[in-house]
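Paired with subunit B in one complex and with subunit C in the other, subunit A is shared by the two complexes that follow.
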Partner chain A sequence: MREDIIQYFRNIKYAVTSVPKGMMVTLKNMFREPTTIQYPDRIPQKIEDTLPLNYRGHLEVEKEICTGCLLCEKFCPIDCIRIDVHKEETGRVLHSFKIDMAKCMYCGLCVPPCPTDAIRFTRKFEGSTYDIKSLLFEFIDTPTPVYKPNRDKDKKEEA
Partner chain B sequence: MYELEKNNDNTMTLNMGPHHPSTHGVLRFILEMDGEIILSVKPDVGYLHRSIEKIGERVTYPAFMPYTDRVDYVAAANCNVGYALAVEKLMGIETPERAQYLRVIVSELNRIISHLLMTGVLAMDLGAYTPFLHAVREREKINDIFEILCGARLTYNLATIGGMPFDIKETTIRKCLEILEGLKKFLKEFDDLVTNNAIFISRLANIGVIDKETAKAFMLSGPNLRAAGAHWDLRKNETYFLYDRFKFDIAVGSGKAGTLGDSYDRFSVRMKEIETSISILEQAFKSLPSGEVQAKLPKTLKPPKGEVYVRTESARGELGYYIISDGTAKASRIKIRTGSFAAISILDKIGRGLMLSDLVAFMASLDLIAPEIDR
Partner chain C sequence: MNNIAITLHNFIIENFGIDINLSLAISYFLIALIFWSFLGVIGGLLTFLERRVAGRIQSRIGPNRVGPQGIFQMLADGIKLVLKEDLIPALADKPLFRMAPYLCVIGVFSALVVIPFSSDIVVADLNVGVLYALAITTMVVMGILMGSWASNNKWSLLGGLRSAAQIVSYEIPAALSVLSIVLITGSLSMQDIIRAQGAWPHQWFFFHNPGTFVAFFIFFTSALAENNRVPFDIPEAESELVAGYNTEYSGMRFSFFFLAEFANVFIISSLAVIFFFGGWQIPHFLISENHIITNIIMIANFLFKTFVFIFIVLWLRWTLPRLRVDQLMTMCWKYLIPISFICLCITASFVLFFGGKSMIAVFIGRITQ
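Up next, the complex of A and B:
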């Protein structure tokens, strides 16, 4: 009985001392600089510039150096890349290179297989839009012949 | 599907979820209540079922890697490296030493992230919003490290079969060690804020006591099992990824606030595991070997006919991949065993007799993640 009473007061003492301890932590944090930023209007510099270079944002394609090998299309697990390559008299010609960024899961499996680094990630991440169709990116406006890497020339340049 | 038997006229059926802030995702419970006392808990899972296992039969082995992110998005790196290890074992690939060290580093960093979120959310479920913000602030710093390493903040997709697609730089290691130093200070601050708080202790002590036998019977694993007093950690008991080279102790529940295996034990085991992870990371950074990070592989991966089961210690318990290969480029069957699914089965057994507000605390202490339950 007596121990119960002692324990009762001990509990009160513990509660009275431990709660202000936590409050002190809150108080200490009240006077430090905030760790958050006020996105999107009050920021010192563009968020894209603060991101690391290998950030996986929206995909982009440089049509001039695309070889039309279709490796990225093959490696994509959800088929969000669609490429149209036709064989014409002058050789293979790229007619369309579509990437559905609304479908894309930014896994990055399409980037490493590319032999010429034509498909790569940008640091763009702001994709909200009123119309989901505007996230279907077309990278080829006029039919472009595929890039043929000149192996000898490349070797010379490296040397 | 669920037909509740009414014991008497005074009971009430209460729907908790699927959109309830304390169910940690889309999860529904059908509770039978007598006043504020719970008579039975029936979890209704399946709201987040995305048929990941079926997708695994449709895509090639490397293309399944981004889907493993979505098994448990809070500890995605653990799921990635676990799957990579399973396929490597199936194919008999030797992973380079440096890649294995990198895997240890990312899994331990991810374990810290996951446990920080869990401890913050547990405090938030009990009504204290401030600790959650403090925990998330520290979590963001480690997220930045992941962003530098692999380019993503949540669904990392940071492992390839046979190695790692990136290498860690000296500057990143230095930044990492700096953050870990800050994290140690933060943990002391967090102890003052939450762990030693009298209200917090009395909300968790003696609530939802799971003893060792019950935990084993319900196949609990990971921190939930260790909190019940079992010395079982796959990192030690079934070593993978060169974990045997690091010195660390298994965090086990002590029952210092009340009974062994209560909610407070599950919380404090995770706090201890953050410290363990920090010490493993410091050892790993010190002894990081140089060399390749990617083993040489054929262009199309075609594992031989056979099956494999590989289990790794994820943040939420045992994460197992069971893969059956029929010799083609696509798996014949992929089964994923997760810790949360085992943990949710114990809710009805332990939840009976609890008060509704205590069920929330108990559930948060089990660290359930809805997408890991459904897959």
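Up next, the complex of A and C:
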């Protein structure tokens, strides 16, 4: 009985003290800068620039340094990379380098094997489109001879 | 001149010379139109304010696209709700189902009749104003019960029953805490209650004596509970009852329930200001010769205080979690009602021993003796 009466007043004290405490927490929150941004139209800087550097967005290929080794094509687990390399008189020539970003699962397995870092991730991620075919990226517009690393020159630079 | 409808009536009689009964009807209709649209706008504004405050408290931005700072969001919402399909369930009790939202709105909006915005602007200064305000807002429970029963839906019915239990229970502490105010003034008229207070905080009934100080918190809590606001929103608890009594409502009928709730927020805030915080009272040096300017200052003062309380209501909503049903009833019957009785006794003895002086006046009197 006596315990109950003490508990009764303890409850009142708890209610009176805990409610203002909680309200102060929310009031402090109210005067904080909002952490959300108004994507996509009212943003202080381009959204790509706010992403971390190792963000896995769309893939891109620098055709000037692609050696045509086909390692990325072989490593891709879902075969979304398709490379056409033909042997001609001058050497091997890249005719097409297609990446189907609609299929790509952004696993990143194609990036580390590349000997010249020709294939890499960008920070672009806005892939929504009306036509799924527009997500089939073609990186070679005119046939380009593959990049041949100059071993002697590289050795000299290393030395 | 404490009734603007009569003032307007006299103005019409003098200037247009039409039949007295017709003129009375016209003036009361006009006043009703003005005040109801005012409360409608306030209700709409509160839906917007609620979303903004919620956004800021949760570190978001909130709606800010429609108009400057998103102030016309309420119009966009209103148009959307009007254009939506008004569904009535096949097995619903159709006349009751249609009637319920209007009863809710009438219950809340009729309370505006006795709320004085300034010394002159009040629709009707009833001599039973307090009683009227407490009684007419309870009409909401009829609308809620009617709507929940007519929906023929178990969630609705459960919500309606909870709401009925809650509103009827919390009516008692609310009335008891207001009773201590009535003890001091000896009048049930809102204007008399405000005139008994002053412009400065030490003249407010909030600081009149320890009894009224606690009575305010009890009144505010029970008014919130009567309004089914968070943390007392168990009748419409989303996680338990879908949406409670308005589960089956859509379109305009739903928005009427919504409007009634938000208009009620304004009503309870203004009642709190009237009973405990001096209503429209302004300091003497602000009362000028010009009647209109004085009234405008009074209205601004009253609305400012009211909006402070509206903000507290919204702030509470985004702070406290919802109570359980048994906790709700425990709080009312075991805590609020006994405490409000004690407050009533304290106020009564205070009035008896100190002749209606406030505790600060008594304190100053003791010092200066």
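Throughout what follows, the second predicted complex is superposed on the first by the 126 of 159 C-alpha atoms of A that agree within 3 Å, B and C clash if a C-alpha of one lies under 4 Å from a C-alpha of the other, contacts with A are read in each partner's own complex, and residues count from 1 in each chain.
Here, a contact is a pair of C-beta atoms (placed from the backbone, for glycine too) under 8 Å apart; a residue touches a chain by one contact, two chains touch by 3 or more.
In this text the structure is predicted, and so the values were computed from the model without any measurement.
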{"item": "First, second, both or neither for A:Q45, with subunit B first and subunit C second", "value": "neither"}
{"item": "Partner chain in contact with A:N11 - subunit B first, subunit C second, else both or neither", "value": "both"}
{"item": "Subunit B versus subunit C as contact partner of A:V25, first or second or both or neither", "value": "both"}
{"item": "First, second, both or neither for A:S128, with subunit B first and subunit C second", "value": "neither"}
{"item": "Touching partner for A:T35 - first (subunit B), second (subunit C), both, neither", "value": "both"}
{"item": "Touched partner set for A:T90, first subunit B, second subunit C, both or neither", "value": "neither"}
{"item": "Partner chain in contact with A:P77 - subunit B first, subunit C second, else both or neither", "value": "first"}
{"item": "More subunit A residues in contact - subunit B or subunit C", "value": "B"}
{"item": "Partner chain in contact with A:Y106 - subunit B first, subunit C second, else both or neither", "value": "first"}
{"item": "Interface residues of subunit A shared between complexes with subunit B and subunit C", "value": "11, 15, 19, 22, 25-26, 29, 35"}
{"item": "For the subunit C and subunit A complex, residues of the former touching the latter", "value": "53, 55-61, 315-316, 318-320, 334-335, 339"}
{"item": "Subunit A-facing residues of subunit B, complex", "value": "59, 62-67, 69, 130, 134, 137, 140, 147-148, 150-152, 155, 157, 165-166, 189, 192-194, 196-199"}
{"item": "Touching residues on subunit A, where the partner in the complex is subunit B", "value": "11, 14-15, 18-19, 21-22, 24-26, 29, 35, 51-52, 54-56, 75-77, 105-109, 112, 121"}
{"item": "Residue numbers on subunit A that touch subunit C, as the complex places them", "value": "8, 11-12, 15, 19, 22-23, 25-27, 29-30, 32-36, 38"}
